[in-house]
Every structure is written in C-alpha cells, then in structure tokens.
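As written, the chain order gives the labels A, B, C, D and E, with residue 1 at the start of each chain.
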Amino acid sequence: ELKFKPGEDARFHWADFETLKKVDLKGQTLSIFGPWRGEDEALVRSVLEYFSEATGVDLKYSSSENYEQQIVIDTQAGSPPDIAILPQPGLIQDLASKGLLTPLGDETAAWVKDNYGAGQSWVDLGTFKDKDGKAGYFAFPYKADVKSLVWYSPDNFEEAGYEVPKTQEELQALSEKIIADGGTPWCIGLGSGGATGWPATDWVEDIMLRTQPPETYDKWVKNEIPFNDPAVVGALDIFAKIATDDKMVSGGAAAVSATDFRDSPKGLFSVPPKCYLHHQASFIPSFFPEGTKLGQDADFFYYPTYASKPELGTPVLGAGTLAMITKDTKASRAFIEFLKLPLAHELWMAQGSFVTPFKSVNNDAYASDALKKQGEILSGASTFRFDGSDLMPGKIGAGAFWTGMIDLVGGKPAADVAADVQKSWDAIK
Amino acid sequence: MTAQILSAVFTIIIGVGGCVVYFWTANRLLDVIFPSRGVSGAAAIDNLRRQGYIRPWLFVGPAMLILAVYLIYPVVATLILSVHDRTGQNFVGMANYSWAFGDREFLQAIFNNILWLAVVPAACTFLGLIIAVLTDKIWWGNIAKSLVFAPLAISFVGASVIWKFVYEYRGEGQAQIGILNAIVQYFGGNPQVWISTPFWNNFFLMVILIWIQTGFAMVILSSALRGIPDETIEAATIDGASGFQIFWKIMIPQIWGTIAVVWTTITILVLKVFDIVLTMTNGQWNSNTLANLMFDWMFRGGGDFGRGAAIAVIIMLAVVPIMIWNIRQANREGGGH
Amino acid sequence: MADLTLTSVKKAYGNLNILHGIDLDIKSGEFIVFVGPSGCGKSTLLRTIAGLEEITGGTLEIAGEKVNDVPPSKRGIAMVFQSYALYPHMTVYDNMAFSMRIGRENKTEIDRRVRQAAEILQLTKYLERLPKALSGGQRQRVAIGRAIVRNPKVFLFDEPLSNLDAALRVATRIEIAKLKESMPETTMIYVTHDQVEAMTLANRIVVLKDGRIEQVGSPMELYRHPGNLFVAQFIGSPAMNILPATIEKTGQPTIVSHVGGHNVSVPVATPADAAGTKVSFGVRPEDLNIATGKDFLFEGVVDYIEQLGEVQMAYIQVGRVTEPLVAKLPGNAEIQRGGVLRLTADPGDLHIFDADGRSFARDRLAAKAA
Amino acid sequence: MASSTGKSFLGRFGVHIAVLIFVAIWTIPTLGILVSSLRDKNQLAVTGWWTALVTSSQNDDGRLGTAADQVEKDGKFLIMGNLLKAGDNRTISAFGIKSQAPTEFAAGAVADLGDGVTLQVNDDGFYVQSSPVAFEGDRGRRIYFASSMPPRFTTDNYQTVLFSEGIGRSFINSLTVTIPATIIPILIAAFAAYALAWMRFPGRALLIATIIGLLVVPLQMSLIPLLKLYNGVGLFFGVPAKTYLGIWLAHTGFGLPFAIYLLRSYIAGLPREIMESARIDGASDFEIFIKIVLPLSFPVLASFAIFQFLWVWNDLLVAMVFLGSGSDQLVLTGKLNALLGSRGGNWEILTTSAFVTILVPLAVFFSLQRYFVRGLLAGSVKGG
Amino acid sequence: MADLTLTSVKKAYGNLNILHGIDLDIKSGEFIVFVGPSGCGKSTLLRTIAGLEEITGGTLEIAGEKVNDVPPSKRGIAMVFQSYALYPHMTVYDNMAFSMRIGRENKTEIDRRVRQAAEILQLTKYLERLPKALSGGQRQRVAIGRAIVRNPKVFLFDEPLSNLDAALRVATRIEIAKLKESMPETTMIYVTHDQVEAMTLANRIVVLKDGRIEQVGSPMELYRHPGNLFVAQFIGSPAMNILPATIEKTGQPTIVSHVGGHNVSVPVATPADAAGTKVSFGVRPEDLNIATGKDFLFEGVVDYIEQLGEVQMAYIQVGRVTEPLVAKLPGNAEIQRGGVLRLTADPGDLHIFDADGRSFARDRLAAKAA
C-alpha cells in the first residue's frame, strides 16, 4: 500500500523511485530497529514501504519501549538488526567504540557535508572513534527536531494585545507585562517519568548557545570546560530565574518538576489561559488538545537571541535520529543510499512531524506552514548544535544533568548544581 | 486466522507435550532398563535400588540443566564482567567494587534498599495475610480477592499510569487530577509533590509495590490457609480462643513455612525491583535503588558492564543471609525423609 | 448448671440426612454415653452439641437457653476429638496449656494443672515433644489431657481411649470417673465402642442407630431389659444369641417354641393376640451354662472354641439355626470341638421380641416406670 | 470452618466492612484508570478522573464561523452556527469574549463586542454574531463559554486498541508464548520439588540452597549471555536463534527457582503417611508423584500457574529479546506498546491497554481459584 | 514362604533410642500379635518391618534374605496404618483399588476384589465417598480394606479395629481370622490393645515394653505362665493382683506369707536360697472366688463395685496393701460396698515372682519347652 501513487504528486522527486528500482534486493531481508512507535511508526512504515516496493527487499521494522536496552542487548549478543536508528549520539558512540557499527565511508560523510544545512555540524555529530580508537563516520542523520521554539496561542496574544518578541530583552519585557496583567507567562513541565528533567536541559542548552559562542558549547558538552564553569552556571541561573519564580510559571515553582512535559502545554489552551508561553521542541503539537490547528489555534516563534549579543547570530538547537549500519549487508548499504534521496525525506515531510536539514528537498512538500517554518529555521541557522545532553555520556546527559535540573528548580543554587554534575562526571571518567 | 490458531495450538502441544514425553519416557525407560516388576526378587530389589539412585536425577535433571544454562551461566558471566571495565574487555580487579562503595549514589541506593526491605515484605505479607483470612469468611470473598489481585495483573507500565493519576501534582489552587492531592485539597491541605520529596518519596514508591504485591502474598497465603486442618481450628474454638487468637496462635504458626516463602520471595523481589523506580522517578530525588542503579549502569547510553555487573553481584550477595535463614527453616520443618 | 435439651435435632450434609431428629434430655451432672454402630452419627451428634456443625433442624438448649447459634467457645464445653486435632506446632505442654492461656489464667495455676493432667496420663516425659514425635496412644492422651485441664460445664469425649492399652485404658477410665466425681455439676458426654467403658462410666447410655435413638437408659436397664432387638444385640459382647421362635402360649409366663429345641417358658407377659406369631427368642452367651441335669435349652455340636483364659467362647451349631450360638463358658470347662454340648439358662435371662423387633418385656418396664 | 456457626452479627459485619475498606483502597487506583480509559482523551490531563462521574461544569473555547459563512439579512451581516457538536448534550450557562473573563455574559444574553458588533449565544450552543459591516478575514473569532456536561464516556479508546491491526495475531502469539511457558516450568519444577522434598540423593541440600540463591539473579544480567548463547546455537545448527522454543525455555529458566522454591515448601508439608502408604502399595516415585503428589498439590500449582502466567503475559523485554518483534512474533504487550506514541504520552491508550491486558490474567485467576480448596487433606490421617 | 527374622533390630530417632535390639523369629504363616503399653515401640517395630523406618542397627531378614535396604514395595507387605493414611483425594473405591492398579492388575479382578473387601467391611454404601465424608470407624475400615485387597506375603496391622464398635469389631476380627485361614502361608503381624483380639487371633503374642521384648509365647502360655511381673500384669484385664510377700518355705510347693492374709502354699518350685526373700505374690481377679467355707486367701472391705452385667468387679481393701485388690465375681453375687468379703482361689492359679519380677515358674517353663 503506497501512500502516494508514484508519479502522481508533483511535490515529490519521483525520479528517485525509478533510481531505487534499479537496486535489486529480492530475496534479501532488511531489519530496521528504530525509536518510532505509535503514529510515528505508521509514518515511518509508509516511507519504508517505498523502499521495499522498489527493491523487493523483505523489510521488517520494529521498535520497543525499551529500545535503548534492547539495542544494547541485541548488538552485544551478536544478533543486531541490519539498521539501527537511534536518537542518542551517546549511545551510538558507545556502540561504535565497541566495534558494533560499520563505518559509512568518507563519501557519505562528504555527501552529508555538502547536502545538509550546517553540514559539517551533522558530519561531526556522526563521527565517532571505533574500537581501535580510529575516527570514522558512522551515523547518518535522518529526521530532525528543532528545539529552539516557543509556543503560544495567537488568540490569547491578540486578546491581550501582546506581540511576538524578537529578542530576549523583549521576551523579558513581555513576561513582566503578562505578570502585570495578572497572568502567568510560562508553562513549564519537566516531568517525564524516569527521564524527568530533560526539558530543562534543552532550555539551558538553548541559553548556552545564546550566551556563549558555539565553541564553548562544544567544550562544555565534551567536559573540556568543567560543568561548573561560570559560563554554564550563568546559563543555569538564567533558567532558574524563570523556573523558580512562582509568578513566572503556572502552578508555581513546585509544579515545574512535577508536571508532565506532555501535560504542560495544555495550559496555553485552557480558559482562562494558565500561561502564555511554552518552550519546547517541534514535536510538542502532538500533545496539544485534539482539534488544535497549528497556525490558527497555536503557533510558535524562534526562541530569540539577545540583542546585546549580535555576534552569536541565530543559533539553532536541535536533535534528530541517526541511522547506522549494525550489520553490513547489501540491503543495509542500499538503505543508507535510499536515505540520500530527497524522496525518502519528502514522503515523510508530506505527512507531517518531519523536518529535515536536507537542502535538496522540495520545501513545498512540508505538510504544514508550521513545519515549513521550522524547516526554514533549520536551514537558516547560522549554527546548528545537537542537543547537548544527548552528546554527553549517558550517566550525565541522561542522569546527573536531569537530576541537576530538578535540584535547580527545587531551589538549589546553580553553582552547587553545576558542581554536583561535574562531580558525577568526574566519577565516570 | 484459523491457520494461525491451529499453528499456535500445534506449537503449544509440541512444547508442553515434549516436556511430558520426556518425564514419561525417561521414567519408563528406567523401569525398562532396571525392571522391578515381573523379575525375580533379588534382581528386582537390585534394580529398584539402582532406580533409586537414578530416579532423583531424572526428576531434578531438567530443572538443573535449565537452571545451569539460564541462571548459573549468566551469574558466572556476571562475576567475570564485574572485574572488567566498561567494555568487558580489560581486567580491572576489584576496581568496580571499590568504586561502588565510594559512590554517593550507590550508598544512597543501599540506604533506600534497606528501607524498602524493611517495609515492603512485611507490609505485603501482613496485608496479604489479613486479606486472605478475611476474604475466606465472606461470600463475596472471591470477588474481593480478585480485586486485590488485579494490580498484579497490570503491567508495570499500566501501574505507573495508575499511580500517576494518584500522585499527580498540580499547583496550589488548581484543579488536581491526582486523587491524593484532590483529597488533601478537599480537606484544606496544601497539595504535595509526593514523588519528588526526598526520603518520603521512597515510601510513596513502596506503596506502589505493596499495592501490587499484596495480591501475590494473598494468593499464596490463602492457598496455605486452606490447607490448615479444620479440626485444629475447631479445637481452638472450643478451647475458647477468639478469632484473633485463632489467627495468631493456631493459623499463623501452621502456615509459618509459607509465610517464610512469601516473605523471602518479596524480599528478593524488592532487591530486584526497578521498574517502579525507573518509571516513576528513575532514581531521582534520592529515590534510587540498587536494581535501578544496576539497570542504569548496564544500559544507559551504552552502559558500563563492569559496574553494572558489580552492582548485580552485590545484589546477589545480599541474598546470602536470606538463603541461610531459609535453609535453616527448611531443616527445622524436616519435610521428607 | 448445665442441663442439655435436644429437641428433634437434625443434621444433614447436603441431601444426606445423618441425624433424623434426636430428642434427648441430659441433666446437669449426668454422665451420658453414646454408643452405636460405626457411622451411626455419634461424632456428628457430639459435634452439633459442641457447635461445630450447624444444626439443620430442631433446637439445642444448654441450661435452658437455646444455643443453636451460639459459637462453640461460648457453650462452655471441652472436647476430645476422635481424630485428636492436636495443634501440630505446639509441644504437648503447650497443647494442654493452650485453653488456659487463652483464658488468661495464672501461670503457676496453668503449670500445676498441666503437670497434674500429664501425671495422670503418664505424659510427663513427653511434655516438650511435638505431636508428630508421639505414638498414637500418646497423641490420644494429649487430646484427653487438653480437655481435662479445662474446667468446662460440659465435657465431650469422642472415643477417647480407643488407642490405649488395657492397663492405661482402665487407669484413664478410672481417672475420668474420678474427675466426674470431683465435679458433680459437670455434664459428660462420652462416645465409646467399649462396652466396659459404657457400662462402668455411664449414668445413662444412649444407643444410636442410623441417626436415631434406639433406647436410653441406665447400663443395667439396657443390659437386662433391652427395648428392642437392636439394643439387645448391640449391648453385651459377644452379642445376644437370637433364634426364630413361635409363641405357643401367651400370657404370663409365655411359652415359646424355638427352632433349636423344645418349648420354653419365659417369665414375660404377652398379649393374647400374639399367640402363634413368629417372634425372636434371645439369650446372652454369658447366661448360658452347661446343662448338668437332664433339663436343657439347646443341644448342639461345638463348632469352634475361642479360649480367652478365664473364659472360653463356644460356638455351637444348634439344629437348623444358620448362625452358630455363642456361649461364654468358664475357661476350665472341659469342652471339645466336635463334641455335643447341652446348654441351659435361667428363665429370667430369656428375652422375646416381636416381629418388629420390640421387646415384649417393654410393657412391663413401662408399667414399672409409671 | 467453624465460622458458619457462632459469629455474632457484629463480628460478621465487621469482617465485611474491613474487606470493603481493603478492596476500596486497592481498587481506587485501578478504578481511576478504568474511568480514564473511558474518558475523552482531552479531559484526562485537565480534570480528575472522579469528576467524570458527575455532571461537571467547565470552561471551554470555541471558534465562530469565518467571513465565508456570513449571510446578509436586514442590512446586517450575520454569522450563525452552533458551538456544540451535534449529539453533544452539553448546555451553555455563560459565555465571554475574553479568555480572562470567559463567563462574562449569561447564555442568551447579547454581548456588545464594540463597533456595533454583537454576539448572542444560547444555552444550546446556537450563536448569532451580527455586524453592521461585512466580516473579513479567514480566521473565525474565538469565544469562550462555560458549559455543564453530564457524565460522558466513550469506547473510542477501546475501539482503537481492540481493533488495531494485527491485534488478534499478537493475541495468539501471546498465548503461544504464555501457555507452554506456564506449563513447562510447572512440570519441571514439580518433579524437581518432589525430588527435593521426598527423595534422598547426594547434594540435595546444596541444590536447595542454590535454588534459593538463584531467586535473586537479576533478569537483566542474563539477557546478553543468553542471547549470545542462542545466537551461537542458532548458528551452529543453522536454525533461527529466536524461536518459540527459545522463549519458553527462557521463561522457564527465569521462573524455575521460584517455582521449585514454592512447590518444594508445599510438597514437603504433605503428610508423610500418605506417601508411605503409597510406597507400600507398590507405587514407584514416579507413580507417587503423578497419582498422589500432583493431585494434592493443586492449590500451590494453581497459585504458581497464576503468577507465571502473569509474568509471561505481561512481559515485554524477554519476548522482544528472545522472540523478536516482527509482526509474526510480536506479543500482545508489544503490540499495545507499539500503539503508544514514541514519546509515550497516549494515556488513553495506556489506560485502555492496561485494562485489555488485565482481562486474560484475571480470567486465569478466576478459573484457577476454584482449585484453592479447603480441606484437601481432610480425612487422610489422624493425629496432630 | 515368608519367614521373618529380626536380629537385634535397633531404631533411634536422633539420640532417642526407641527399639533396643529386638530378636524375633516369625515363621511363615504365623499370626503374631504385638502388645505393650502405649509408646513402647509397637508401631515403630511394625514400620521398621515395613521398611518405612531405616533400621539403625541389627538385621531384618524376610524369607532368609537380608532386607535392611530393600524398599517397602519389594518386601511383599501390606500395612494398615494406625492413623489410616488414606489418600484424601481418592474415593473409597479408588483408595482400595490403588495398589492393584499400580500393579497393573486386570480391571474386573480389581473390581471383584474391591467389592468383596467392601462387602466384608460393610463399606459398599460408601464406595464413592471421599475419606473426609466418612466417620472414624469407616475410615479405619477403608484402611483395612486397602490392605486386604492386596495379596501380600506379610500383613501388618496397626490397631486396625480401635475405632470400631463391638459388633463390627467382632465381625471384622473374625474376618481377619478367616482371611488368615484362607492364606495359610501369609504371615500376619498385628498390633492391638484389645486383649480379646490378641488372645483370639494370635498364634504367638509378643509383649513389648520400652522397646524391648518381655516375653513371646502363645496366648494361653502368657496368660497362665507369665514370665515376669510385667507380663503378668499386662496380660489379662483387669490386671493380676500383686501383693508383697515373703517366702516362708522353699521347694515344691512353696509356702509364702503375704501381707493380706495368712500363709499360702503355691505349687511352684523355689530354690533353697530363696528362703526368706521378699517376693511378689499374684493372683488374677477372675481366679478369685467368694470363699464359701472357712478357708480363705484374703479378707477385706469392699471399697467399690463395678457392675458389668454378667460379672461385677469388686475392689477390696485388704489389710495394709495400698492398692485395692480386684476380684471379678459373678454378676449376681450379693456383695455390698462397705461389706467384708472373703476370697479364695485355686492354688494352681497363684503366681510368685522374685525381687526382679521374674516368675519362679519360668524355670519350669523353660524345662518344659526343652
């Protein structure tokens, strides 16, 4: 069942489909293990359908709630899937260092550099040391998320007479105005079960990119500067000022870490609104109330930069999923080639919740204006940086950093929080 | 669909049948090789003696084999891993252990685990026992039991959702969607962030496990309770014992062995439990436990097998006292020849 | 004061009626013994009295109060179970002390009473053992001990001595009799299969059969004047010999002719209309003597002899009677298997029963009682 | 039991009350998700589940028609429509035009929106917006209203879950995994437990100790070595590594220590005279086990069966690792899990699938409960 | 052929010695009865013979083969347990059929044998019941039935009739005797507390005490010539009266003076060195008669009377003897509590035992046996 009939919709690069047909994988199997479940799974399957249709490969996609755990087990035990797609560079790095990944080769790296927006950033992201300590290009980016977004309700803004802020300074002023009007500016929810705290790390990273040069960001992520470097502590402080201020956040500071990140944006749409602003990545509309129309009932703006720091340009924080070859077969090679085709991106773009830094795609294929706008933010970025917490070692990026954020919103001084995280980092070295 | 069902039925029959066939043929074979019926006295007795040597092994053989493959082999692998580094390649001696006992988080986890061990097995066993006894006396006991049992049938994911709707916190003055806070607010209290209040959150997590495992204790204890000879209870009634006294002095001592089993099982479960901690807090807010810590080190971001394994070994060592206690218990009861 | 009144007490397990309406008055301080064939409902009756089985019909009163729904513990009873029902997890001492501890009695008093009971029952050596390390008889004694340390209004004993050896049985029986004497107000209800126990202990014996009462009366009454064939055969061991007979002449005395011999005169009144009817003629083995003179009741061939020491049982084939007649003769009587034996009996020891098995002497008894 | 006679009314009543309290405490959380699973997705995160049981009043927003919908009448431009969907039996009590004051006007009142524009909203949701000049723009005006809503439940969530594609298949897969993975360990463990309780052989005590020790082995530690082993075996024999046999054995292995431990303690408690009697009757250990021990151990076999069934039924990890996640192997938990979004926010699905998965184990529990018979051993031996 | 030979068989539970070296030869086809006080080790001995208890010392041979280590099922035995040990989950029928089914016998044969046994034991009505729905006596009969449907070389019965009523007990006892008769090669070992059972059934009785054999012999031998004081008192009910006495003149007959009366001549030979020693003087209650002439053995006050119908027990306080003397007198003898009674006995029924309790007649017995 192909979603779009090949050749029928002009938005797609159908020529790619014909190219693909030349690859004959009949009788072969291709197992893909990815992070997408639920609606996303249906979408990815619809894309993969074209690959198997064209090549004749017997394709199996699977995912799991415990996919992180499972990929470790499967690869370690020697029964990996052919292709693994994962959103965590840290995990990928580990797999690479254990020699469980197949390098994609220099020409692929070169291809990414040339064809992706902020291409070098993406290449760097997918380059890891292998078992022998030799660097190689292992992970091909497919599907990105833009994180530096602030969501709001245009109606509420209109009624209250608020304008979309262009700079951090304006944003600050807007917050104060909202408070003065008797409202609450922000809805923040850090709750995510065992992963509670992560939304704050995104925000802090966003602040880092807006207060420090990208090099400092990179050093921070690699712990080349300590976590309790004044640069980091400063960023933490900025966030803490918002999140620990009962007037600034809906429900008060105590609610911040207790509210589920999936629930918190709903405050934007309640009557009367519980808040006016929500900082979250591009995926969040899935958690807006049913029937919410993007662009009409809800919209977003780029998390602004400081007018006082023009030299930093317009940095974009993002994330994405990276595809790797975990078992080197003809089919898995062919699959990576497939990802290099615009069609592979457009098919998903057209169905929503997909942004890509691939420059050759037809932007008209985006399902909505909102996505298109995100795509533009992504391609217009002066700097692109991957979610720092995902780059840090698991124990930090998916552990101490999260915990630190919870401590931070719990009122612990930023310096202490940073020192704690650094201590944990020291412990795992 | 029917084809699927047929093949499933076929598979099931093969699986279960294979097992039955093993025991049946193995024992038959023993009878055939060393016949005891229809041969002359002395030979029969000799054969029977030989059977006596071999048959226990036929009985425990499959269990031993499976235990060896599925548990002992991994335990050995774990032991080996625990003296290697994160990749499992390089020998590091006791470094992982010395790291563990210097790690703040690990010590916190030990402390929490002790709390859990002190509270959960006792609570589950006690509540399970009470419910088992009480439900035995009423006509709707089976329904009541099923309701208490139900949490056990809910997956951990389901359970975490359920408890989310219990502990959920919304800011003061807002409509609470967590029933606990709704009650607190109804009575004029301030809503609490139950799950992220260090130390006390341990107890709120324990409540979940107690809620789940009480059904377990109840089921096992209730089957044991029914094995108590009625006459002893009748005798006690006549001796003038009240319901309470019968419970404490007649019933409990007679099912003491089963209580020990339940207690041990839950204790061990507590040592192993991580799902609740993982889904509710992932060990944040000082609520980590050893099992979750192990899981964390094993799988998070690629994992550190050495440290994960070291923690696993420590968990396994924690069971030694329980083991000794149980063996004593088993010896005391006698049982068998 | 613990009168017991049972008024048409019924008990059924599902559709199976076990007790078919038991009417019984037990006066405070009486020693009542239930006897009856195995499975006739003795234990069940005891258990309903104890309150362990719900009565499916009728009423049970203790001391004038209806106790149908009163829990066992409130009926003021102690019971020895046929199957002992010891507490397997308690030592002998604790088994016996349990009820007193429950009653929060004084420690030294408990100790005194337990040790006293243990002494009586020769259990002192075993006080610290668990039931599973006891022999059958020892277990039974613990069960008895458990009852006698208490001070109940009503004692219920279900075959308490069945696993004891003769000496111990006599000793314990006497202890029970003494116990009874020392508590004149206490009612005792006792189930046994042992005739001697029944005879020596009971004030009154209740003979049960298939869940119905056959006869109630003092031991000698039952022995001398059994109300019916069943009681006649049940009381006394070996059982009374019964032969078919025909009434030749009614009135007082009655003349009957029985299959085994000639006409006999029995000093019992029979109504005139009974003339010529088939009756059963009974005589107890122990009432038979070897005829010394020419006069005899039966003549037969000795089939088999059981030598029991002081006495011997002679099984004698008399005429066309299918079952051999049993005679209990002195151990030193010189009789031989295969020899011919003539037996005689005192006319006062002869019984006749009508076709329904009821004793003709009954009327006389009833008359006497009135 | 003696309780039938002689329980005072108060005593009996007390038991009922006590059980009722326990049951209530145990059920309320579950009831919460049952109600939640029947609720509308949007309301889950907004109001407590218990409010769904009564008529609730809540503030809502709605959007008026756009300029395209307007009609001209008597020189006025009107936009008419209904804020409520058909079949939505809510009633509107008040409405407002500012989200800060959502109940400014009572239902039926005419609100002045300035510039001669007026708005009237009736309690049935019908509204008229009138303006002296023509409306413009393609975005309808947002207004707010308070509505009261009788309890309303939907089975949509259940439909989503129960009729999702391949659910039947995965249900069968689950059963194929679960049934043998329940029965095999029972068989193996029962034999072993009998041997450990009633047979004499060297190393018995050691074996018992080992089994208790193995109870604690964390499952997660075993997965990698075992999967390695499976892969090795698969490669060696040229068979697939992930098979039903593999997962049965895996579940058997993980369930076995507990099974042996539990069964042994029960079987050792059976009256010794019965076994002796059977032995004298000429029964071999095998026959004693089959004919005497198994029937008498039914209560404990049933309890273990319930637990093993539950664990296997609810397991996802072991199934994913040892069976794989292709659609022809995917078990029910896996299938339901796949229905959840990647970020796991679909509580309505979670709650619903929690209830769907609970049904089979509950049925198993109910059907096995009748084996928990009282007095199984009654009448066999006398003594203490 | 199933001779049984026990050679210093010992059994201990931990440190507790129960059997202290039992030597016993049982010939094929013999009917042996074990008697002894409760807890003396009868059941234990039976269980060691069955192979249910491991022997801690000595050897056990069946048919000439050492069977110490032979499992129970290969010893060719059937056993009735004191505690029944029924299979609770099987009906009465299945309980009885179990062993034959295990032996893979023919279905119709099983059915025939089970029904036959049920008929004998009056269990036919209960064949489909589970043990828990049976009365105590019925359970016991099932246990017996289970043994008799088998065809073993050796039968072991542990108090099989203790819960049966008199009639049934007699009937079952006779059935067991018949069973024995119909299987002359089958050895039966039987534990009982019932003197009558022991006396009537046994070829030889083994008297046990505290895990030791006191005496082995035919019933009459034990009754007439008890080897020692213990056996003398144990066999016979009520027990033999024992009084302290002194030998006045040794030889044949011996003259003794006992505390209760004057000198008595006992037709037993005593060695010369026994002159003047303290001995025990014994006479059975049933051997005492009311003295009609002037000659009497004892004179005493009637303390208490037990009226048993055909006989009565008189408890008589004689002189300084602490225990009252028991006399079994005809039921119609006119005696009164408090009255003075003179008793006499046949000299041949008198016994004397030395200070260690051994009978002086023993030597004579031994001589006779040789």
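The rule is simple: a contact is a pair of C-beta atoms (placed from the backbone, for glycine too) under 8 Å apart; a residue touches a chain by one contact, two chains touch by 3 or more.
Bear in mind that the values here come from a model prediction, so they are computed numbers and not experimental data.
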Both-way neighbours, i.e. chains that touch chain D and touch chain A
B
Going only through chains that touch each other, what is the minimum step count from chain B to chain C?
1
When the mean CA coordinate of each chain is compared with the mean CA coordinate of the whole protein, which chain is closest?
B
Considering only C-beta pairs in contact, identify the chain pair with the most of them.
B-D
Farthest chain (mean CA position) relative to chain D:
E
Whole-Å gap separating chain C and chain E, where each centre is the average of the chain's CA atoms
23
Averaged-CA centre spacing for the pair chain E and chain B, given as whole angstrom
55
Could you put a whole-Å number on the gap between the CA centroids of chain C and chain D?
64
Just give me the whole-number Å value for how far the CA centre of chain D lies from that of chain E.
68
Chain C: positions in contact with at least two other chains
51-52, 71-73, 82-83, 85-88, 134, 136
Two-or-more-chain contact residues of chain B, please, as numbers and ranges.
36, 157, 164, 229, 234, 237, 295, 298-299
Check each residue of chain D and list the ones that touch at least two other chains.
2, 6-7, 45-46, 220, 224-226, 284, 316, 337, 375-378, 382-383
Which pairs of chains touch each other in this structure?
A-B, A-D, B-C, B-D, B-E, C-D, C-E, D-E
As the complex stands, chain E meets chain D at residues 50, 52, 71-73, 77-79, 81, 83-89, 98-99, 102-103, 130-134, 136, 139, 146, 150
Under the stated contact criterion, what part of chain A meets chain D in this complex?
35-41, 60, 62-66, 69-70, 72-74, 76-79, 155-156, 159-160, 182-183, 193, 260, 262-263, 266, 269-273, 283, 286-287, 289-290, 296-297
Note which residues of chain E are touching chain C in the complex, please.
13, 35-39, 42-44, 82-83, 133-138, 141, 158-159, 162-170, 193-196, 199-200, 219-220, 223-224, 233-234, 236-239, 284, 286-287, 306-311, 328
Considering only the defined contacts, which chain D positions touch chain C in the complex?
2, 4-8, 382-384
Show me the residue ranges of chain A that touch chain B in the complex, using the header's touch definition.
65, 68-69, 72, 88, 90-91, 93-95, 97-98, 193-197, 250-252, 254-255, 257-260, 274, 393-395, 397-399, 402-403, 406, 410, 424, 427-428
